[in-house]
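Next come two complexes built around chain A: one with chain B, the other with chain C.
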Partner chain A sequence: MKSLRVTLGLLLALCLLLGAGSALAADTIKITAQQPITGRFAFAGKHINQGLADSLAWANEQGGVDGIKVEYIYEDTGYDLKRAVAAFKKMMAKYSPVMDYGESTGQGKALSPEINSRYHVVYGSTSFSQELADRAKNPYIFVSGPTYAQQFGILLKYIAANPKTKGKKPTVAFFHSDTEFGRDPIPFAREMAKKLGVEVVAEEVTAVGAVDVTSQLLDLKRHNPDYCIFQGYVVPPIPAIIRGAKDFGLKTTFMGTFWTMSNMLLDKLGADGEGYMGVMPYAYWYHTEVPMIKIIQDFNKRHHPDVAYRPNSYMQGWFTGMVFVKLAKMCKAKGLPITGPNLKDMIPQVKDWDTQGFAGMVSFKSSNATAVGKVYVGKGGKFVPASDWIYLD
Partner chain B sequence: MRIGDFKQSYAADEAVFRSGTVRVWLALLFAALAVFPFLAGPYLLYMADLTGVAIVAAVGLNILIGAAGQISLGHAAFVGIGAYTSAILTTRLGLPFLVCLPLSGLSAAFFGVIVGAPSMRMKGLYLCIATLAAQVIFDFIFVHWTPVTGGIRGINVPPPDIFGLKLDTEFKFYFVTVPIVILAVSAARNLFRTRVGRAFIAIRDRDISAELMGINLFQYKLYAFATSSFFAGVAGCLQVYLLKIVTPEHFPLHESIRYLAMIIVGGLGSVLGSIFGAIFMTMVPEALQSGLALFQGLDDKLMSYLFPLQTVVFGLLIVGFLVFEPHGLAEIWRRIKDYFRLWPFEH
Partner chain C sequence: MDILLQLIVSGIAVGGVYALIALGFVLIYKATSIINFATGEFMMIGAYFFYTFMVMIGLPPIPSFLLVMFSSALLGLFIERAILRYMLGQPTISIVMVTIGLSSILMGLAEIIWSTDFKSFPPLFPRAPIIIGDIIVRSNLFWGFVAAMAAVILFALLFKYAKVGVAMRATAGDQMAAFSMGINVRSMFTVAWSLGAIAAALGGVIIGNIGGIQPTLGGIGLKIFPVVILGGLDSIAGAVVGGFIVGLVENIAGGYLDPYVGGGVKDLAPFVVLVLILLVKPYGLFGKEDIERL
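After this line comes the complex of A and B, so read on.
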């Protein structure tokens, strides 16, 4: 009986403590997140979460949003839409945040109608989907970088400006997986290529974890494109394709978009990674000449001293954190209360925002995506800039 | 101790609500279900809706596996067929929710009969593999038949409409889910008291003796597949209207295994077990997650170990339950009930 009383007492004390905790934190800007920390997407999710958490913690060190602290609350979803939606609803009810970060394209699509009509929170996510960046349909949702279509646009712009043989139309092949992620930018990319005078000579499609890519390689050999852009993969089957193409004696330059521009892939490619190119919306961890990267490295040295490297998924989280804080600061500067609808109105007003070399000069112009990126090339196991920031809008 | 509870006829023994006590408790349960939405927030209501979907699907699977003894690894595919059917019927033909609901069940039942056809020749593990094939084939169709299923992007579905009332919040949706769950559960409960239900059980217990008794094995196995898929289809329809989107990612193989786990944890062959199993498999991961939330902000490194641990703990809980009570949660429940019913004369 006594032990029961003690337990109950402890529980009560705990409840009071927790209650006091939330009471103290009343004067903050709340940002919630449903992160895929476990499950299929965990390889990126845990870094994205850390990046976002660190970015907001750094912002707080800098004085928050004009003195108001930002509070970051996250939950794991296991990359399961049902759980993600549940976590979203739970967090909306419990914390009434003004901004939220979601785990997938699917979550954004499923929640978009309710975000517009009920929840009114600005919503960022792991997604680079074109559909979500549509401002007319999803005014509250933004993409933390260029959409996949815009990433293709940036690469095609680069290709058009750098033909392999002078005076001849450059040729390109699209090599993509049979998933939403793989197919998302292709229709736009075809149009863009036509506009820029780049000829699309082949489109290869594989399953996502494809092992045998012989038929696609033979087709690639037949068309011998100057450039070949991958979309919708993380690592396999890219090394096999690049090696195979080398064996066939192809001189094709292979390129990737966000997820295929990781150092993880470059490490897997080894010597074949030399000359591998692609588009990245952010700077890499080792680009210490970039002021924001210096800040990130310094922050990590202070808070995570044993961290030697942060992948580009971490940068995605960090940049999203920057956008959240920027929107809140804009609201404040205009003398508006920091609420979801006001924050949403700020998105189209972000113009030529200096990200200290991290993501170029960012504007959300025609869509809720940044439409800017840089082309990098693999050299000595690292990505080095091959172009300046390329703007689409 | 309850006394004076004697049955004087077979009908009384077979009754669904066997005593006044049961009726009182049931009335209390319904009252609680009716009051719940007015007390709970959107999160709990959403979880309740999600659990409702899981219950309908699990009850369906339990009819097939628990009652008729036909193993299926393709249950998620049937839920998927139901979901796609209602998504397509709503977006293309503009059919209302109440029409889509039975049609989703029927279309899933139709495919269930086709998939069940090999059960004439196959049993046990072999049938398991045959239904696995169904899972893979339907998964492939969901992804690749783009003009109809919308391919990998799936189909966005508007909130359902009942007689002009838009069910756009989980609060309103709750009042659709609960009656459907009650209907599904009572249908399943009554099924076991009919000729067909008893035939299922006879087939499960010994197919040869069942055949000797004059049960047409093939016909009744197909009935089992059709019934089970009908439930799955209805669950799929509910799910698609709840999530407002359907993509092939919602019906992978591990979803089929999750349904299987529900009925095994809950109790094979028991309707109550399906309900317990569905609640367990839906709510426990959420409870673990909420438990973890208490530790948030303590230490990043600690969290990076704790997150994957959720899955491990969940797995251990399932194994633990099965080791200590192979007949599932329904059996544990029965023992608890018996304890109170017989108290103070346990033995």
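After this line comes the complex of A and C, so read on.
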């Protein structure tokens, strides 16, 4: 009898504790995420997830959103669209978040009609897709940086300003994978090149894991472009292309967009990485002169003392966390409740936001993307700035 | 003309590597009549074995290579003994599903053991390209071809002259007859899985040396599939010829047609050739015609 009373007492205490927990949770801003922590995108997904979690934890250390804490809840999707969509719906039902982070372009495209009409949740993701950043179509969705098309625009602007031969139209080739990711910015890039007076002399296409790229290299040799921009790859087959181009005697400068601007690629390229260029929306871990990087390093020293390096995917997660908190703070400052529709209205109002050197002066002007990036060049195994922040809008 | 020669030489070089991986399919199918859909993952695990021995443990390339062969043989042996042996006599579709499941398990294990990060080995061959007249062959591809062809020749000799190879051929020809002649048919299945795993793993080391390794490296197994179907699922010579045909077709089609249609022909062309050849020879170029009388 006594043991029954003790058990009932413990159960009651547990219920009270859980009740108190729920009451506390109600006073937080809930942000959910479907992250590709396993599966073929996990090499980046686990870092993005950590970056987002750390960014929000850092914001909480700074007092949250005017005293309201941010609560981050994530689930692994294995980079499987069906799992991601199911996890999103489950999390919407269970937590009613006001902001969410998705695992891919595919997830964003699959869910955008329901995000707009039913869930009304502000949605960031791993994606830099032009279509998702279209404010008219997807007012709730933002891209954590410039879209791939805008990244091409930034590189083409740099090329136009830095012709290899003075007085001669610079020439460029696009080298992309035969995927949606690879093709996404190409139509915009063709138009942009025409506007900027850069001649597109070749477009090469390969499968992501192509073993032999000789036929594409021969075509590049035929056109001998001043610059060549990669899109739709992470590492392979880029080292094979750059080394092959050197073997074939090409003097082309190779460039990349966000995913091909990792130190992982520079490590693989070794000495061939000297002079490799590309666009990045953020500063790198080792740019310690950047105030926000100092903050990130300090946070990691305190919470993850064993960490010696954070890749650019971590920076994407960190920046997305900054955007989430910024939107919530803007709502608060205007005296509006922090709801999905109010947060969505804040996106176009982000103007000349100082990210402390991390991502330039950020504005979401004509689209829900930042349209700013910096061109970096590989030197001694690291990326160093080759330009200041380049703005497109 | 220079371009055509360049495309042919590169096509042959990459075709040799395809042939070695195709051998991974053929060796297993020849002895056990099982199409191993996890061949690509055997290849990927082999590349990770090499990475473990050479980069993580710090052994020189040749001992690492030998240890890859040994550990891959053990992997093949384990899989046959622990899983496939219990599938004997089951419907083909069940066995196919097991090998597909196996591919997911191996990929998951690779993620757990080696993480999902991109890995690479230090360069195995001299950096300088091989120049034959006006033709340039990239070093990795050339030496990869040499290594792959050496392995293919060794496997062919093993099948032709070694006792175990003859026993495997006998098992592949008629299991009941082989059994009645005192051949341990079950052991031959194990040997086939081990040899298949070694062939795929060696291919994995060569491909990994060209482009680096990731748990998704096994996806290339799908590309090798036209090679084995084209050559004939149970023919070593077929794997070699199929490898060269696919290497040549994709390179020449890529070189001449890709610039006009905006790319993609290089990956499509081998499948078109595959369909055309299968229309004429449904068992592949060198495949054994299987006649069932009712």
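Everything below uses one rule, namely that the second predicted complex is superposed on the first by the 373 of 393 C-alpha atoms of A that agree within 3 Å, B and C clash if a C-alpha of one lies under 4 Å from a C-alpha of the other, contacts with A are read in each partner's own complex, and residues count from 1 in each chain.
What we mean here is this: contacts are C-beta pairs under 8 Å (C-beta built on N, C-alpha and C of every residue); 3 or more make two chains touch, one makes a residue touch a chain.
Because the structure is predicted, anything quoted here is derived from the model rather than measured.
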{"item": "Touching partner for A:F248 - first (chain B), second (chain C), both, neither", "value": "second"}
{"item": "Touching partner for A:L218 - first (chain B), second (chain C), both, neither", "value": "second"}
{"item": "Partner chain(s) touched by A:D178 [first = chain B, second = chain C, both, neither]", "value": "both"}
{"item": "First, second, both or neither for A:H304, with chain B first and chain C second", "value": "first"}
{"item": "Contacts of A:D134 with chain B and chain C, given as first, second, both or neither", "value": "neither"}
{"item": "First (chain B), second (chain C), both or neither touched by A:T38", "value": "both"}
{"item": "Partner chain in contact with A:K46 - chain B first, chain C second, else both or neither", "value": "both"}
{"item": "Residues of chain A contacting chain B in one complex and chain C in the other", "value": "38, 42, 46, 178"}
{"item": "Contact set on chain A toward chain B in their complex", "value": "18, 37-38, 42, 46, 50, 53, 73-76, 78, 81-83, 85-87, 89-90, 92-94, 106, 109-110, 113-114, 117-118, 131, 178-180, 183, 304"}
{"item": "Interfacial residue positions of chain C with respect to chain A in the complex", "value": "3, 6-7, 10-11, 13-14, 17, 108, 111, 115-118, 120, 127, 129, 136, 138, 140-141, 207, 210-212, 214-217, 219-220, 247, 250-252, 254-255, 258-259, 262-264, 266-267"}
{"item": "Contacting residues of chain A [partner chain C, same complex]", "value": "38-40, 42-43, 46, 178, 202-207, 209-212, 214-216, 218-219, 234-237, 239-240, 243-244, 247-248, 264, 267-268"}
{"item": "Residues on chain B engaged by chain A in the complex (per definition of touch)", "value": "41-43, 46-47, 50, 143, 151-154, 156, 159, 168-170, 243-245, 247, 249-250, 285-286, 289, 292-294, 296, 300, 304, 307-308, 310-311"}
